[in-house]
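These notes are about the structure you will find just below.
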Amino acid sequence: MIENNKDLNFEEALKRIEYILKQLENKDLDLETAIELYEEGLKLIYYCEQKLKNARTRVEVIIKEKEGFRLEEFEKAIEILKNGN
Amino acid sequence: MIENNKDLNFEEALKRIEYILKQLENKDLDLETAIELYEEGLKLIYYCEQKLKNARTRVEVIIKEKEGFRLEEFEKAIEILKNGN
Amino acid sequence: MIENNKDLNFEEALKRIEYILKQLENKDLDLETAIELYEEGLKLIYYCEQKLKNARTRVEVIIKEKEGFRLEEFEKAIEILKNGN
Amino acid sequence: MIENNKDLNFEEALKRIEYILKQLENKDLDLETAIELYEEGLKLIYYCEQKLKNARTRVEVIIKEKEGFRLEEFEKAIEILKNGN
Amino acid sequence: MIENNKDLNFEEALKRIEYILKQLENKDLDLETAIELYEEGLKLIYYCEQKLKNARTRVEVIIKEKEGFRLEEFEKAIEILKNGN
Amino acid sequence: MIENNKDLNFEEALKRIEYILKQLENKDLDLETAIELYEEGLKLIYYCEQKLKNARTRVEVIIKEKEGFRLEEFEKAIEILKNGN
Amino acid sequence: MNRHETLISTTDFKEKLYFTVKEIALNLKNLIEKNFPVLWVEGEIANLRYSQNGNVYFNLIEEEASLKAMIFSSDKDQSIVPYLKNGLKVLCFGRLNFYLRSGDCYFIVRRIEPLGKGLLALKKEELIRKYKPLFDPNRKKALPLYPKKIAIITSLFGAALKDFLKISHNRWDLEILVYPVRVQGEGAEKEISQAVEDINLYFKDVEIIVITRGGGSFEDLAPFYTEEIILSIKDSKIPVVSAVGHEIDYTICDLIADKRCPTPTAAAEDVVPDKEEVFKRLEIYKKKYQQLLEIIISKREKQLYELKLTLENRNPFKIINNLEKQLKDYTHNLILRMEKFLSFKESRLTEIKNRLRKKHPQEKISLEEERLKFLKNRLKSALNNFLETKERKLESLQKLLDSLSPLNILQRGYSIVKSYPDGRIIKIAQDVSEGQFLEIYFSKGKVLVEVKKVET
């Protein structure tokens, strides 16, 4: 049931968590399956929480050059573009 | 009558118990069979009780484990789960 | 008339007793045969009583055993049951 | 006319007596024959009475035996019965 | 005319007597013959009376015997009867 | 004409007397013959009377004898009867 | 209105009896063209038609009044022509021209501006009409709910970017690429379209493109009402979010985009997931998991407990008890039936015994004794009769003999003489000799005599 979770992105993880929730809502769910799902679900939730705890936004600016593009840090880019423009 | 009970999951065990209960209602049931069924039933109930107890323990373990959890460990766990399943 | 009674199971013994009871209602039955039947009947009844006593003991043992039961023991028991059955 | 009475069972004895009674109703019956028949009849009746008395005694003995009975003894008895039968 | 009377049974004796009576009623009978017949008749009557007396005695004996009877004795009696007959 | 009368039995004697009587009725009968016949007749009559008297005596004797009779005697008598005949 | 008044006042009528057509036509031409060199006319387009040579003809009407108008193909304002249609209220710029030959007065239009909705709205309507299938809501791509990388196409120095970054700051684990473009002025739409194409081509891992700018005048928003915008967004494989202009009015960019947000702030809130909210959700899930698992386990426990109770209820003791009772019944029945059987046999034996007793030979013996007695008597009487018969017969014979006795003649006086002792009967005297003894028989008695003399 658990696919390769390394490849599991956040959205898939949440979907899986929600799917597990739906499954668990079935009172007649097989006990062993229920526990397995529960364990998987909790681990996924924890996984998501860990991921979120470290959540940061990084802003970069795409700068067009003659030969393609360059990414520049935001503040620096502003500086460059102000002066260059 | 008793199949390999090691392979019997909780739900199957319950069904088997229900089947046994139905059999035991049959007035024409042979005494020896009745005793065997009764014994099997008791053992299955004990088996299920153990399974439930184990389930509760496992849930507690899962919750506790989660507290000491690291993402890496999670991924190891995923690995184990995948292989173990 | 008495076959190998060791092989006679409880139900067969009961049927035999009922047969004997019916035979004894036949007024034309020979006296000697009647006594033989009577003796056989009583012995069968005794045999069945013993069987019942044993059954009772067995059930009591089963119930007591159950209380001191462990899962491992259960699995051993399953093994024994399978082989014994 | 009297065959080997040792082999005569109760019912056969009764039948013989009834036959004798019929014979005794024949008016043309020779006196000596009548007396012989009568005597035989009386002896047969006595024989039957003894058989019945024995039967009663045996019935009582069987019941008493049954009370002091054990399963092992029963099996021995079965053995004896089989061989003896 | 009188055969071996030892072989003569009661009924035959009676018949012989009746025959004698018929003869005696025949008036042309020779006196000596008549007397001989008479004598024979009387003797036959006596013979029969003796037989009856014996029978009476025997019957009384049978009834008395029966009361003191045992099975063993009975079997002896059967033996005697068989041989004696 | 008169044969040895000793060999003459009662009936023959009577017949002889009747013959004599017929002869005597013949008027032409020679007196001497008549007297001889007459005398013979008288003698025959006497003879017969004697026979009859003897018969009666014998009957009485027989009756008397019978009362003192025993079976053995009876058998002896039978013997005598047989031989005597 | 003012200009009309001027025209009338300057056109003084000269006293003349008649005018030739040419005079009056020239006069009109002069009058019209002199008085109205260039002018703006407001009116409603009607009877719009396109001629073969490319000229466009229509009437400008206002209530009962109508003015013929035309746009030369060489002059026509290409940007507006496609949007012209009957009923459209316009303000036209041009001059009046009187044609002598036809006597018609045409308003030669150089420029047209729509009244009311304005040009942008017209453009918008036209573009919507043209690309109708592209605006189908079903065509719109779904936005990834939890993107890792997004790109923003906007001015680097605009307030829009500031607002967007302010909201999205550390709201999610996210990489934001800013593609700087001009968002107003001539050619801005080309930069924006280029940006969309570039991102699609060179930044394929970007999950959402956000095109944004703050509100502005109609002129400012013109680039967002262009075909270029439509075509580039249409071709974008990456879902595009548009947050351009007013909150109320949608630009073409808004309409073609996969999602439209009213403001840059709203766009940030919509596109960038909020980790706090997700934390809360996960917390709820955790609780729910716990509850649901508890329900499942409790249900099983309850179920198992009930099964256990039922099983204990159905223990084989009941069966054993019943069987024991049955066996007791059997024992009872067995003894009872055996007793009945024996009693039956006994009663039968007793009955037979009684019957035999009735057949006791005693009776027969007595009967035979009687019979014997009878026979005995018969024997006696038979013999007696026999003897008596014989006696009687003898007696009668004797009597007969007596009666036939030859001696009976003696009664009558005859006598019989017999020789003595030999007893011969003497019938003649010759048979007698002298001295011989004779016996003489009389009827009664006899005498012995001696013969004295014989006489023959």
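Letters A, B, C, D, E, F and G mark the chains in the order given here, with residues in each chain numbered from 1 onward.
One rule holds in what follows: a contact is a pair of C-beta atoms (placed from the backbone, for glycine too) under 8 Å apart; a residue touches a chain by one contact, two chains touch by 3 or more.
Model, not experiment: these values are computed from the prediction.
Novice: Name the chain whose C-alpha centroid is most distant from the C-alpha centroid of chain A.
Specialist: F
Novice: Interface overlap for chain B and chain C, more than half of numbers shared or less than half: same or different?
Specialist: At the contact between chain B and chain C, which are copies of one sequence, the residues are largely different (under half shared).
Novice: Point out which chain occupies the most central position, where each centre is the mean of Cα atoms.
Specialist: C
Novice: Using only the C-alpha atoms, find the rotation that maps chain D onto chain E and quote its angle between 0 and 180 degrees, to the nearest 5.
Specialist: When the C-alpha atoms are superposed, chain D turns by 10 degrees onto chain E.
Novice: So what's the Cα centroid distance for chain C and chain G, whole Å?
Specialist: Centre separation, chain C to chain G: 48 Å.
Novice: Quick one: report the Å distance separating chain D from chain F, using the average Cα coordinate of each chain.
Specialist: One centre to the other, that is 67 Å.
Novice: Quick one: report the Å distance separating chain F from chain G, using the average Cα coordinate of each chain.
Specialist: Taking the average C-alpha coordinate of chain F and of chain G, the gap between them is 135 Å.
Novice: Could you list which residues of chain G touch at least two other chains?
Specialist: Within chain G, residues 293, 297, 300, 315-316, 320, 323, 338, 345, 360-361, 365, 368, 383, 387, 390 contact more than one other chain.
Novice: If you look at chain F, which of its residues touch at least two other chains?
Specialist: Correct list: 10, 52, 55, 59.
Novice: Who touches whom among the chains?
Specialist: A-B, A-G, B-C, B-G, C-D, C-G, D-E, D-G, E-F, E-G, F-G
Novice: Which residues of chain F touch chain G in their complex?
Specialist: 10, 14, 17-18, 20-21, 24-25, 29, 31-32, 34-35, 38, 41-42, 45, 48-49, 52, 55-56, 59
Novice: In their shared complex, at which residues does chain B touch chain A?
Specialist: Contacts found on chain B: 9-11, 51-52, 55, 58-59, 62-63, 66, 69-71, 74-75, 77-78, 81-82, 85.
Novice: Per the contact definition, I'd like the list of chain E residues that touch chain F in the complex.
Specialist: On the chain E side, the touching residues are 1-2, 5-6, 28, 30-32, 34-36, 38-40, 42-43, 46-47, 50.
Novice: Help me check something: in the complex, which residues belonging to chain G touch chain B?
Specialist: For chain G paired with chain B, touching residues are 293, 297, 300-301, 303-304, 307-308, 310-311, 314-316, 319-320, 323.
Novice: Give the list of chain G residues in touch with chain A in this complex.
Specialist: On the chain G side, the touching residues are 144-146, 148, 151, 156-157, 165, 168-180, 198-199, 202-203, 272, 275, 278-279, 282, 285-286, 288-289, 292-293, 295-297, 299-300.
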